[in-house]
Amino acid sequence: MKEIIVTVKNIRHFGSAYCQLTLEVPTSLNIEPGQFAMLKPAGSLEPLLRRAMAFYQSQEINGNTLVDFIFHILGRGTQSLAQLHIGDKVEFLGPLGKSFSLEPAKTTHRAILVGGGVGTPALLILAQELCKEGIDLSIFLGARSINDLIGIEDFSRLNTHLVVSTDDGSFGEKGFVTAALTNFLEENKDKEFTLYTCGPDIMMHRTTEIANRYGIKTYASLEARMACGFGVCVGCVVETKTAQDSVYSRVCVEGPVFEGNEVIWCE
Amino acid sequence: MSDLINTTSKEESEILAVEIAGIKFKNPVLTASGTFGYGLDFANLIDLNRLGGFCSKGLSPKPMKGNPPPRIVETHGGMLNAIGLQNIGAKAFVTDKLPLLRNYDTKVIANVFGYSLEEYVEAIEILNDGEGIAAYELNISCPNVKQGGIVIGNSPVAAAEVTEAVKRVAKRPVIVKLSPNVTSIKELALAVQSAGADAFSLINTLVGMSIDIYTRRPRIANVTGGLSGPAVKPVAVRMCYEVAQVANIPIIGIGGIANWMDAVEFFIAGAKAIQVGTANYYDPCCTMKIIDGLLEYCQKQNISNISQLVNTLTR
Amino acid sequence: MSDLINTTSKEESEILAVEIAGIKFKNPVLTASGTFGYGLDFANLIDLNRLGGFCSKGLSPKPMKGNPPPRIVETHGGMLNAIGLQNIGAKAFVTDKLPLLRNYDTKVIANVFGYSLEEYVEAIEILNDGEGIAAYELNISCPNVKQGGIVIGNSPVAAAEVTEAVKRVAKRPVIVKLSPNVTSIKELALAVQSAGADAFSLINTLVGMSIDIYTRRPRIANVTGGLSGPAVKPVAVRMCYEVAQVANIPIIGIGGIANWMDAVEFFIAGAKAIQVGTANYYDPCCTMKIIDGLLEYCQKQNISNISQLVNTLTR
Amino acid sequence: MKEIIVTVKNIRHFGSAYCQLTLEVPTSLNIEPGQFAMLKPAGSLEPLLRRAMAFYQSQEINGNTLVDFIFHILGRGTQSLAQLHIGDKVEFLGPLGKSFSLEPAKTTHRAILVGGGVGTPALLILAQELCKEGIDLSIFLGARSINDLIGIEDFSRLNTHLVVSTDDGSFGEKGFVTAALTNFLEENKDKEFTLYTCGPDIMMHRTTEIANRYGIKTYASLEARMACGFGVCVGCVVETKTAQDSVYSRVCVEGPVFEGNEVIWCE
């Protein structure tokens, strides 16, 4: 984990709703799939709190690291990030959080990725590493419409089995990604899979339920409002099951990746 | 503790060292309860050996689960929180955290709360056996379930009772943390002072609320939460100043401190040390920057020890 | 007032019209005392005929000189002020301002204060003769010089006394403006309500302080000042919500409102109308934008009248 | 008075401490000498309050007005203004305040301008108009050092009698501007003048006292912390004399220009 001031290397806007931010970090970070950073424009006082952003891509070039983030412009935090210019400074804390483990996929030899909306970017590094491991990969990505499919080309470049759905049918199959997933699993009842997902809670919850029906283990990357990102405010909790009871676990330390069945979903 | 690396320069220690309730802090920069975990989480972010001290997350006799999410929301210049005092319990703090904390040369203040007099006493008795605690800080901003849920810190009488009860058993100095949600902070301070408190810390959070206008639900599951951050600083400085007019025990200033200039305001208003809270979240190394800034300010202003600043408002 | 241009569309008036204490406001967007002068200063900035109403600068029986400067300082997310209630006096308001204000189709609320019961009554009696005043708003956040300078609004008893005394003579509805610097805003509200108040407005400013670390002087000559602006909004929303739980008279929400979304938060929390204060300084036309925003929000949410929003927090 | 969103046409930095901001106002303003505007970067929430800035120059071009401001970068407000880029939007309210009256100078036929530090810019438009009126003009400008003499060339371009002093002697005469003023008045005892001044209170106070000794009327442009700039907060007051007593007058409405002897100076 590094607390450091970094430089905006590039910022790219997709329409008015999405942004891709490329930062140059003057040190090497070893980023694991599913980890995130806390970001805010350097010195900005409004908003005060940094925003958690999942690493989309990272590339080390002689000691420096280029990291990419893709975000949806919603409120104050993402608006202030969207206003950055090349050369501006950014306060960076990361990498943070528990990553996706590749081990289970190594034993099942097959993996499924289910991404929804702006949760999709959090899966690219994982997809790349699974491919490196020679694991048979099927990727299901969903979004509201074609305009909400950001970074899709980076996934197709992996040339794995890729299914894209949009709620309005403006691209790929019409309907929810969970429908495409179910069809696929019906056709592959005989095979073993490990499932990784990131997206809206409702989608991850349904995905976990579906996976359970086919005896597939799910790993979900959750979101929560965060004040610190490194475990001290205990503000980012999600309720998770324990042997007897349940506890509130910190998404920033015990997560963001949890076993789907561990989480007590509340949407 | 001679075996511990001491990263504080001689000059720094001469200029910044302060004593409160017999405790010698290497500098007046502490961190506020609930914003610093149990200290160890910051070990790889800042040099703990350079920090004056820190307050642990609020401790209760037994572990507590805390409130359902959402627990926090950002507001303009601050944030609301209702964590529900989730903590590992006093016992686990003594057995699991203190042994590791003893490797660092900084003052550990155990922040304690309860929902009844007995719970406060129980927690203190557990902590009395722990080695490496410099003082106790009582969070009296919680409801007394036995007295119909009135907030202890909102009643001078109730606050004095808790202070007395704890002082009877406490083996260490007792800092009482005042709630700002009162008509007269002076009256509250006087009650706590005559009950035997060794020092004050103030302020705790202001009670606030935020609503999602689309769902019409509170943005915090607990409905109300505690407001903290730079937004509350003017109220905190004012309360420090008011308490300083009547206090004959030291004051530790808290509320919206994010840089060394904020800290100096509190010293001038009457605080002998300060605690940094919310700023630890969005600027994790701010305490180190504050120490640097205070040192430079004192040198430029020819202040040989920072306590010369305390309570020096000129009108 | 048929001869006055009415710039409010029919749909707007149907959706936004609200009634408080028998007064029909064309919309729930008012402006807060001390932030809108005597109204006329805004005539060439906004369309006064489109504003629900405004509260005059605080009026006393006699003109007042006010405090020495500096009177204001900006803080994080807000500002401190200690104007010292400088005003032209109730008489001059009646003779010099009201005749001009009668040319506008908006509700004029005369904000009144005093340093004793008698002064409140005296001011009200002067204003009773003025034509074109819709209601009185009592600022009870000032010290009672006859009672050793205790702030009237900090004591439910004193607040009730003033309310009663004023109600006896007032020819118009009386809105009592609550101070947030109290342990229990509910208790204060109940006292004022049973004393006969026709409506509440809240909050007034929080007492705060700011210090110049180089001169070591307070940044405000009066030492302490009133904190206002977005920084205080969470406290104001919470207090509105608390008062709404016990009130059987309407609430006017005040505190940090800068846009229509802030206003909606207050409606959901229990306010039937709102007042915009500090935002008038840095965004002089914000009231017009708020009216536009509320209209659009109601239309999108299929709300046929905005009062349907009042006190609708879902938990 | 116009409340309007305007565009940054140019921003020029003098060292790290001073800035010249050029704004394009899409309407005509008739700006009188000594008036000011309230400015802040559009949509910025920190700081909240706009800052008062005296008009340095203004130029109308087919319906639009280009206005210039010169400011000293001190705290949050001026820092946020200094970070503006060309094309950025600015919230503008102005012109505001009571202006310098040329009438007294027209009767004395001679005028003296005394500017100190960042008060100097507020005098340029006045100087230009006095020249237009054919009034014999002597200008005394003072600053800490050569690096604090901003816009000086625009004054010299007027080719009037111009005396520049710096406290450290790094440019022009060494010492306070009031010294240069006194010498000048000693040599011109016989002549009538009207004096206009803008700068630090201490300088304007001394200047008024000196002018009084020579029976010269002084008009001073004051500064005060302002929340609104148009008279409603009553926060910006200065104590001024009345027939019997004194009152607190609003610098933004009754001022910023006051008669030097009217003001109860308090430094």
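Structure notes:
We just call them A, B, C and D in the order they show up, numbering each chain from 1.
As a convention for this text, contacts are C-beta pairs under 8 Å (C-beta built on N, C-alpha and C of every residue); 3 or more make two chains touch, one makes a residue touch a chain.
Note that the structure is a prediction, hence the values are computed from the model and not measured.
Our note on geometry: chain B versus chain D, Cα centroid distance of 47 Å, whole angstroms.
In whole angstrom, the spacing between the mean C-alpha positions of chain C and chain D is 36. Contact with two or more other chains is made by residues 45-46 of chain A. Within chain C, residues 76-78, 229-230 each touch two or more of the remaining chains.
Taken as a graph of touching chains, this assembly forms a single closed ring in which every chain touches exactly two others.
By the definition given earlier, chain contacts exist for A-B, A-D, B-C, C-D. Within the complex formed with chain A, the chain B residues making contact are 34-37, 41-42, 44-45, 57, 65-66, 68-74, 76-79, 81, 83, 86, 229-230, 278, 280-285. Within the complex, the chain D residues that touch chain A are 44-46, 85. Chain D contributes residues 1, 3, 40, 45-50, 76, 91, 93, 224-228, 230-239, 247-248 to its touches with chain C in the complex. Note for the complex: chain C touches chain B at residues 75-78, 80, 154, 181-184, 206-211, 213, 215-218, 223-225, 227, 229-235, 237-238, 241, 256, 261, 264-265, 268-269, 297, 312-315.
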